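Following are the structures in question.
Common to both upcoming complexes is subunit A, partnered first by subunit B, then by subunit C.
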Partner chain A sequence: MRRRQLTALVRKDLRLELRTRETIVAMVLFAIVMLAILQFGFGTRDDDLTRFTGGLMWVTLAFTAVLGVGRSYVAEREQRVLDGLLVSPVPRVVLLGAKAIAIFLYMTAVEIIVIPLVGIFFVKGPYWDSIGWIAIAALLANLCIALSGTLFSGLALFTRARDLILPVLFLPALVPVVIAGAGATHAVVGGAHDMSEWRGYCLFLAAYAILFALVSIATYDAVFDD
Partner chain B sequence: MVTARGLVHAYGERRAVDGVDLDLVPGERVALAGANGAGKSTLLRMLATLIRPKSGDLVVLGHEVPDHARAARTGIGYLAHDPLVYLDLTARQNLELYGDLYGVDGLDERILDLLDQVDLLARAEDTVRTFSRGMAQRLALARMLLHRPRLLLLDEPHASLDARGGALLDDQLEAARHDGRAAVIVTHEVERVARVSDRIVVLRGGRVVLDQRTDGLDPPAVRRLYEEAIA
Partner chain C sequence: MTDSPARIPGERAAMIWGVLATILVVAATIGVFLVAPEDADQGVIQRIFYFHVAIAITSLVAFAVSCVAGILYLRTRNDRWDDVGEASIRIGLLMSVLVVITGSIWAKASWGTWWVWSDPRLVTYLIVVLIYAAYFVLRSSAEDDRKMRYSAIYAIAGFASVPLSFYSVRVAESFVHPVVFTGSGANMPDSMLIWFVVSQAAMLALFIALLELDLVGRRSERALRRLALRLENA
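Take a look at the complex of A and B:
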């Protein structure tokens, strides 16, 4: 039953996104514009930005995540559908899981475009041979973003100043993700191949994701029912 | 079906529902009336498990609420002011979603049957955004009935239903008397709802000021009872 509910909710989000194309397109455009701004801001004198690649990429992805997470309940809120979901016998943790999966997929779609672009914008030296390692770190970071983002967007949903509350809550929670994502990227970009450092950051991201999964499971009922 | 004792809900300092007792037995259809701000919708949302009572005891379909709200929700059908459907999904996709959330068996056949009943079969693959208000509310009626609920909770249903939808709803309420379903109908249209209900409960300032059976009374007589109660 839970699997059927989860599948139905994820399918609903993907159908809405395929029909409206409002979230992923906005996220991709935002990320590209931000990468361009960072490139113009830091690389005007043909500077080598390779050592800043991790930071520039993960700051971009963090702000892109805020945009995507902020839109995660737009359909429910603007079309006033939330009561329909809440009056159905769906465990709140299934609502959380479905939204988290949708956000995870949106972030992954954005990164498929952004990660190669980062190599073009910022890296002088080897990049493409390390893209697989960056992608693994990105998937772990996406888990953290999806779980924490769903929790905070659920909390912000019931506040009047939700557009302000969400970044204020969510961005601080992303700081460890940015640090670890940037660290893992830095460890493998531009000819560096420090797999021990990369592994350490990835383990941290996995632990952070588990932590937020536990916090979300423990609190999500209260978010919607209280 | 419903046992409520001393239900209270407050928005800040103001008590929207203030110590309401309510019992509902199978097959009973209650018109819940009152002036604007009397607490009708708040009480209905409490019965629907959408908001928690601040105090009091509530048992819905044999399940204590809020502790066992999820079990109660399997048997609740809720029709709100808004259709509670996604505008950018088709009629069929919306019903598929809700059917999966409620674990409805034989979902495809059930959806086709309901869309036929609400006269939307020809528009099954159209997005709800292209529907008129009345059509969307008929789809909401199909959504409410999809999982064969035993308790119908209706918030001013006739206000937004078109003639076809209103007639279908009246048929459902008439059928409810015979098949043991119960219904609470929040309404301002007391005379209209009097034809399909057995009892009227009137709220004023969050309190029950009238709770009387109306079978045997004609609609104008029910209207007079209501007006005396809120005067």
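Take a look at the complex of A and C:
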């Protein structure tokens, strides 16, 4: 029963996205603009920014995540879908799960473009041989972003100035994810194969995801308790 | 005439804690600056440690209290817990800012620079300040029941983020920060430890006193509003 509700809700989000192509296209464009801005922001036309790869990638992805998470409840709010969902016999935790899966998929779609692009733009040393390790760290980070993002966007949803509130709430909580994502990337890029460091950061990301999953499950009922 | 506000509940407790906190803070200040021995290695600046660490620990206690108050609010929906949560975070945030400032002063004196990104504790506290500052932004933009509910949820999520920020900056470990408390006990002589304990007690008493005072303030405000309403209706 719950699984059918969950798949139905995720499919609703994905179908909406496939029809309008609003969120993912905007997220990808935003990420590319961010990468360009960061390059110019360094004030150098140095071609090899291998040392900063992790930072460039994860600063971009963190801001893109804020954009995507901010969009994630727009349809529900504007078309009053949320009212319908909340009176339907769907447990709140299923709503949480479905939204988290949708955000996870959006982020993964963005990363499929952004992660190779970072390699092309900034790295002149070895990159492609460690892309699998970067991808694993990115998937774990997406889990963190999806879980904390769902919780914070739920909180921001009915506040005044919600577009302003979400980044203020969400970005400080994302700092550990950026640190770990950038650290894990840095550990494997440019010929460095520091697997013990990579493993440490990945374990940290897993712990973050578990902790936020627990907090979300414990508090999500109260988010939509109107 | 039960709510004639001759004495606000908690007023006495606030007074007692206030007096206790004053005595302890004075004792700690005298002890730290005049009695405790000078650190052979760092000299006079090491004395900032007694307050820096005590305030840091107290701020974590304040955030823990706000998390528990958040859980209790969500369970009971009693406004009282919202008051406790907000007051704790207000005091905890103030103390975290003090931790960053005293830490920065200590950094300047011992490493010659106001800010060191490689020092995990200083960076952690910066993140903690950002997390809890956002609490007030959230509070100011939601209303009534929602405000209390969201605040409670955020206090819980915020407290979950504290250990995460703590560990995230430590995965790549740095050894710059003086580590005083290790797994095998305190790394200082008893003549220093005793003044640390006093100043820790002083900060905790100060936290409780400020919390009680804040709650009394809120209660008297409510009592006043009730009184005004009654006078209007009379």
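A few remarks follow.
Heads up, the rule we're going with is that the second predicted complex is superposed on the first by the 222 of 226 C-alpha atoms of A that agree within 3 Å, B and C clash if a C-alpha of one lies under 4 Å from a C-alpha of the other, contacts with A are read in each partner's own complex, and residues count from 1 in each chain.
Simple rule for what comes next: contacts are C-beta pairs under 8 Å (C-beta built on N, C-alpha and C of every residue); 3 or more make two chains touch, one makes a residue touch a chain.
In this text, all values refer to a predicted model and were calculated from it rather than measured experimentally.
Superimposing the complexes on subunit A yields a three-chain arrangement in which subunit B and subunit C fit side by side.
Contacts of A:160 after superposition: subunit C is touched, whereas subunit B is not reached.
By the touch criterion defined above, A:103 reaches neither subunit B nor subunit C.
In the superposed pair of complexes, A:16 makes contact with subunit B only, with no contact to subunit C.
Look at A:66: by the touch rule set out above, it reaches neither subunit B nor subunit C. Applying the stated contact rule after C-alpha superposition, one finds that A:200 touches subunit C and leaves subunit B untouched. Put simply, the three-chain overlay gives an angle of 90° at subunit A, taking C-alpha centres for subunit B and subunit C and rounding to the nearest 10.
Looking at the shared chain after the overlay, A:140 reaches neither subunit B nor subunit C.
Between subunit B and subunit C the least C-alpha distance in the superposed model amounts to 6 Å. Common to the subunit B and subunit C contact sets on subunit A are residues 225-226.
Those residues of subunit A lying in contact with subunit B across their complex are 1, 4-5, 7-9, 11-12, 15-16, 19-20, 75, 79-81, 83-91, 225-226.
The touching residues of subunit C, when paired with subunit A in their complex, are 74, 127, 130-131, 134, 137-138, 141-142, 146, 149-150, 152-154, 156-157, 160-161, 163-165, 167-169, 171-172. Residues 148, 151-152, 155-156, 158-162, 165, 168-169, 171-173, 175-176, 179-180, 183, 197, 200-201, 204, 207-208, 211-212, 214-215, 218-219, 222-223, 225-226 of subunit A are the ones touching subunit C in the complex.
Those residues of subunit B that touch subunit A in the shared complex are 48-50, 52, 66, 69-71, 73-74, 76, 78, 80, 82, 84-89, 93, 96-98, 100-103, 127, 143.
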